[in-house]
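Below are structures written as structure tokens.
In what comes next, subunit A is part of two complexes: it sits with subunit B in the first one and with subunit C in the second one.
Up next, the complex of A and B:
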């Protein structure tokens, strides 16, 4: 089992609902301080976006953050070297697009990321059918390959994904790109279906922007991922203190969420 | 003509033509790509569908388009030069071939709506036209910069009943229009077909678009035979997204 999965399972088994905020690497000069503030305020893991020019599953907010980051010259190499200065002890999970790691070399990218204490990677444009080579590179470096299940995923595919994903299973809450406001999350239903197949932790992301939505999603899942709402705050120039209170509000909601019914 | 390697064969089970191809799309779109692959494979093997496709190309698309011998240029260069006149197809380009095929397939899959990207507007105008013929709802994504450069094509698409959405992300041109159409497709994939206009995107798009465009090469071969040319020494094609080049080479 990957170290990421070991630590996320022990979190779950200890009865804690995970909160995972997303930060775009290199979007601003002091992005590492924002990550530290989030960890300090109770985030259980941090998702770190490695910017890409054509982010297919991301809405305008994360597109804008990626653009700013690319304009600042961010690359996989620059992020890895910056992460040396990061002082947090929660797991780091990279989220990027396949082009980024393919261009950097699969083996080299996996090794670089693990060397920078990243323990899992989400690549949303790399479906099961294309992932074998990347999974191989990750396996050699104790890096978890995290797959998404979407509301459109039929039961047989869901089963295959649930069995292949490492670390946790990413339940895409809505049929939309990141940051689209709207209807109730379908993540809970996906989590229930995944749990019927495997006991890997399931986190819900895409479509969660408020503490209430996070606590709602976590009533059926093991954690919630918040990307756009966090990034939007930072694009507007939020301070370290703003990040802390943002994360604390989700922490509070999740700690008081109704218990998961595993029966 | 020399071999062009794996590019003109049927792609393998993973949608690859040699080193290229495959499917790099979000999981949310994978079921739709698999459904489309199955639907196209079945339709393309169904004589009735292929017959209807060719019938519409003829009665609506303006096919076959002529081959014109460019006599004065030929004389000047001491060669025989022929032009395959895709400019004379309905809506003014080869784009109509592919969209007639894809809109018929959309209907066959029971989807009432198409979306498409467009650069200068040729594919957008063709899609709006083919969609109007079948009563399909149609939305076209076009880079904002391109909507100004090609305002007349925006007017034509709207006249045909399509909604044109200016794309303001990234470089505001074709690449960003494709990204935006893909993002939109995630939200509406259950009732909407993405009518991609080039030999690009996830499998089966490159294969399907090439097959629908192969009518260009089939006609040209026959027409050249009739003009006493067994096999051209050289074929020159313009390449934007590559569908015209893939179609003539077939």
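Up next, the complex of A and C:
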């Protein structure tokens, strides 16, 4: 089992609902301080976006952050070198697109990321059928390859994905790009479907922007991921203190969420 | 085996100037920088204004079954007009790249008397308003 999964399972088994905020690496010069503030305020893991020019699953807010980051010259190598200065002890999970790691070399990218204490990677544009080589490179470096299931995923495929994912299973709460306002999250229902076929932790992301939505998702899932709402705050120039209170509000909601219904 | 040619937009010639990568669910030739970030293509035709090319073409180029050339925006409009006037067929701006290449290469790399089969891949009625604007602007 990957060390990410061991750590996330122990979190779950201890009865804690995980909160995972997302940060775009390199979007501003003090992004590492924001990550530290989030960890300090009770985030259980941090998702770090490695910017890509064509971020297919992301809406305008994260696109904007990615562009700012690319304009600042961000690359895998620059992020890995910056992460040397990061002082947090929660797991780091990278989120990027396949061409970034492919171009950097699968083996080299996996090794660089693990060397920077990243313990899991989410690549939303990499389908299972094409993932073997990447999974192999990650396995050699104890890097968990995290796959997504969506509201549209048929049951047989959901089962395949749930069995292949490592670290946790990412349950996409909505058929939309990140940051789309709208209907209620379907993440809870998917989380329940994933639970029925695997014991791996299930986190809901996409479509969660408020503590109440996080708490709602966590009644069925093991954790909640918040990307756009966090990034939007930072694009507007939020301070370290703003990040702390943002994270604390989610922490509070999740700590007071109703117990998971395993029935 | 008959020689085969493909004509890309000069501002988006992924085969001639790109490198292998994965985008939008396909592995093909892409316009990208040294970090795998996708670069912008520029073409008068919307269908070719794309930083990659269909993987079938990348394969045909790789297998050396087809040779890829390019045509500029400036060559494309007269090519569209020429085919429209000669044959009464209005080609799409994308397709007009092939005509532009043919006009350029006739009597150069294509010997007089040769038979050339051109695949008119799309029709230009969708492009006439844009072409009219361009021709008005040129006056």
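Note that in this section the second predicted complex is superposed on the first by the 263 of 263 C-alpha atoms of A that agree within 3 Å, B and C clash if a C-alpha of one lies under 4 Å from a C-alpha of the other, contacts with A are read in each partner's own complex, and residues count from 1 in each chain.
As a working rule, a contact is a pair of C-beta atoms (placed from the backbone, for glycine too) under 8 Å apart; a residue touches a chain by one contact, two chains touch by 3 or more.
A quick note: this is a predicted structure, and the numbers were derived from the prediction, not measured.
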| item | value |
| --- | --- |
| Fit or clash - subunit C, subunit B, common subunit A | clash |
| Superposition-derived comparison: subunit B or subunit C, residues of subunit A touched | B |
| Which of subunit B and subunit C A:124 touches, first, second, both or neither | first |
| Partner chain in contact with A:86 - subunit B first, subunit C second, else both or neither | neither |
| First, second, both or neither for A:52, with subunit B first and subunit C second | second |
| Partner chain(s) touched by A:157 [first = subunit B, second = subunit C, both, neither] | first |
| Partner chain in contact with A:70 - subunit B first, subunit C second, else both or neither | second |
| Partner chain in contact with A:193 - subunit B first, subunit C second, else both or neither | neither |
| First, second, both or neither for A:248, with subunit B first and subunit C second | neither |
| Touching partner for A:103 - first (subunit B), second (subunit C), both, neither | second |
| Of the stretches 27-35, 81-89 or 99-107 belonging to subunit B, the one that collides with subunit C | 81-89 |
| On subunit A, positions contacted by subunit B and by subunit C | 53-54, 56, 98, 125, 127 |
| Residue ranges of subunit B in contact with subunit A within the complex | 14, 22-32, 169-170, 175, 179, 182-183, 186-187, 189-190 |
| Touching residues on subunit A, where the partner in the complex is subunit C | 52-54, 56, 70, 75-76, 98-100, 102-104, 125, 127 |
| Subunit B-facing residues of subunit A, complex | 53-57, 59-60, 63, 67, 98, 124-130, 147-154, 157, 161, 172, 175-177, 180 |
| Contacting residues of subunit C [partner subunit A, same complex] | 21-25, 30, 32, 35-39 |
